[in-house]
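What follows is a set of structures to go through.
After this come two complexes, each holding chain A, first together with chain B and then together with chain C.
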Partner chain A sequence: MRSPIKVASKGGRLNLFLLEMIIVLLFFSVASAVILKAFVAADRMSAENIRLERMSFCAQSAAEIFSDTGDIAETAEILFEIDSERFEGATRIDIPLDEKCNYSYLKDVSLFMTMKVTESEYEGKFKAMNISFKDDEGNVLYEINTAAYVPERTVLFDEE
Partner chain B sequence: MDRPETKRLTETISSAANMTLFLLFAVCCLVMITVAATAYGRINDNYGSTFNSTAAVRYITNKIRASESAEVLAESQLLLENSGYCTLIYQQDGVVYERLFIEDDIIIAEGGEALFTVEILSVKNENGLVSVSVTDDKGSSFEAYCRVSDGGDGNA
Partner chain C sequence: MKNKTRPAGIGTGYLSLMMIFVVLCLTMLAALSFSAAESERKYSEKSAEYTKSYYDADAAAKRTFAKVAEIAAEYDDYSDFMFLGELDMIDGVSYESTPVGIEISWTTPINDRQNIYSQIKITKSGIDITDWRTIQGNVPEEEPLNVWLGE
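Coming up: the complex of A and B.
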């Protein structure tokens, strides 16, 4: 039985069907490469979006804690359970974090959170802090500024 | 002039090549669709899950900031007090609920309005800072600290 597909005619002329299939495959390869690239980019953007959300929560929490304590060492202790004695008196702390914004000192470190006291006035009662997140290459991914006013406790009545 | 055997062989090889190319095309199509569907599904799931969890954390922290005082009643129950009314935010069977009470009402964690679907809601009072942690059904969690003016024990 003869094949329904038209074969090459005499004289070595190209099989048109074969040529068409090759063109279709080439077109498909290019299209699939473009689509795959788009999906990979979307996947990466989705992961980056989640990471940014985590950074945002982490920075927000740090700002809230700092506004309560007025001390970056205490902020680091409450937020990441790092012993505050290590950073006593420090005006800048760099904390290595993993993808989920948890304190990490292992190989999975992909972020660095920097808390830096940028301003201190009224004998240290008012402090401004800059919180920034950087990747391995030092690119700033997320940054906020916050301030804390922690006045000394006033004795309103004689406790004796 | 070609011999009939050679012609038949050429015909067969040509058909086989065409069919192989067509098969390759079909397989590529299938792989492409599968990969795309998987990627889309994963992105969609991640987006939905993250949105739900982050929205829940943001909603609760904003509610805490807007309230006059906050009291942690249990690990998944938070009472936010304002003048004349109070709001109970609680989690039950994987759903976060919210219910309003008039002042001096008996506070019960029932009959609230469903807000978000989350696996675990954990609220803790840590020396005046309320920690709100939400975990979704995939085990991914988001946590935020929120400062409360009354120290988080309900005593404004």
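Coming up: the complex of A and C.
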């Protein structure tokens, strides 16, 4: 029995080359959809990693400043150049941040950093603080706890 | 005799071969980028987790510091047995009396391998933080690292 598929240069009969092209395109479109999905997942994962690292660095900076000053308003001022008078006496500050963890206005906000004094002892000389990062929906993405003890007569060894 | 001429253009099968090659290349690239992102994720999570553990330990060490300093503030004589008795009640604190005051040290665990070693010196003139660093194990190394100091 002869195959119905024949190579022909003139129209009207099935062209083997076109048939192959159609099959190849179909397979390629399915394969590329799967591969594209993998690329998108890798890109999203990479973006999340960068965001986690930025949050971690930002939290470290805040923790170091807080351990030196013992004051969250001052921490916000040094870290984000926000006027500390706005938060004088506050025990909780919510700071909107953009994706690079810079203080931002509400237009390009993608994160919220919350600094909250959770404990205060010894007449306020010892303070514990929780630093947390939340997304738009309020899900906690990262958080650390830190503390500051600022006695009146402490001298750091590298200041001697 | 009849002349047989082959049609010009790409022959049958070349397209399939090219497609297989391209799909294989793309699959390999996708797998590589995914595995790179995955290993990066593990590293970022480890780093973030370590930061969290470090600051938890740092906060605990500062809490101990606050306790010690507040007790010391109530005494003038740092060899007073009442003062030393109160220090004994704080977990992990060891002390050594000096002619001018007292040296107090403690370690706070960060994880299974690392600790924060803290040492303070209390004298009549105040409290000096003489050491506050991350160490491997429980005992700080006395010998400094043999590094070039640029001299």
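Quick note on the criterion: the second predicted complex is superposed on the first by the 125 of 160 C-alpha atoms of A that agree within 3 Å, B and C clash if a C-alpha of one lies under 4 Å from a C-alpha of the other, contacts with A are read in each partner's own complex, and residues count from 1 in each chain.
In this section, a contact is a pair of C-beta atoms (placed from the backbone, for glycine too) under 8 Å apart; a residue touches a chain by one contact, two chains touch by 3 or more.
Only a predicted model underlies this, so the values are computations on that prediction, with no experimental measurement involved.
Asks: Now for A:I22: first (chain B), second (chain C), both, or neither, which partner does it touch?
Replies: The first partner, chain B, only.
Asks: In the overlaid three-chain picture, which partner chain does A:I35 touch, first (chain B) or second (chain C), both, or neither?
Replies: A:I35: touches chain B and chain C.
Asks: For A:I144 in the superposed arrangement: first (chain B), second (chain C), both or neither?
Replies: So A:I144 only meets chain C here.
Asks: Is chain A touched at more residues by chain B or by chain C?
Replies: Tallying touched residues of chain A, the top partner is C.
Asks: Thinking of the overlay built on chain A, is A:T118 touched by chain B (first), by chain C (second), by both, or by neither?
Replies: A:T118: touches no partner chain.
Asks: Which of the two partners, first being chain B and second being chain C, lies in contact with A:I78: first, second, both, or neither?
Replies: first
Asks: Based on the superposed arrangement, let me know which partner A:T91 touches: chain B (first), chain C (second), both, or neither?
Replies: It touches nothing on chain B or chain C.
Asks: So, does A:S61 touch the first partner chain B, the second partner chain C, both, or neither?
Replies: So A:S61 only meets chain B here.
Asks: So, A:N49: does it touch chain B (first), chain C (second), both, or neither?
Replies: Touch status of A:N49: both partners.
Asks: Could you give the residue numbers on chain A that contact chain B in one complex and chain C in the other?
Replies: 7, 17, 21, 24, 28, 32, 35, 39, 42-43, 46, 49, 53, 60, 67
Asks: Where on chain A does chain B make contact in their complex?
Replies: Of all residues in chain A, those touching chain B are 2-3, 5, 7-8, 10, 15, 17-18, 21-22, 24-25, 28-29, 32, 35-36, 39-40, 42-43, 46-47, 49-50, 53-54, 57, 60-61, 64-65, 67-68, 78-79.
Asks: List the residues on chain B that touch chain A in their complex, please.
Replies: Residues of chain B touching chain A: 2, 10-12, 14-15, 17-18, 21-22, 24-25, 28-29, 32, 35-36, 39-40, 42-43, 46-47, 50, 54, 57, 61, 126, 128-129, 142-147.
Asks: Where on chain A is chain C touching in the complex?
Replies: The contact residues of chain A facing chain C are 7, 9, 16-17, 20-21, 23-24, 27-28, 31-32, 35, 38-39, 41-43, 45-46, 48-49, 52-53, 55-56, 59-60, 63, 67, 121-122, 125-126, 128, 142-149, 151, 153-157, 160.
Asks: Where on chain C is chain A touching in the complex?
Replies: It is residues 7, 9-10, 12-13, 15-16, 19, 22-23, 26-27, 29-31, 33-34, 36-38, 40-41, 43-45, 47-48, 51-52, 55-56, 58-59, 62-63, 65-66, 69-70, 125-132 of chain C that touch chain A.
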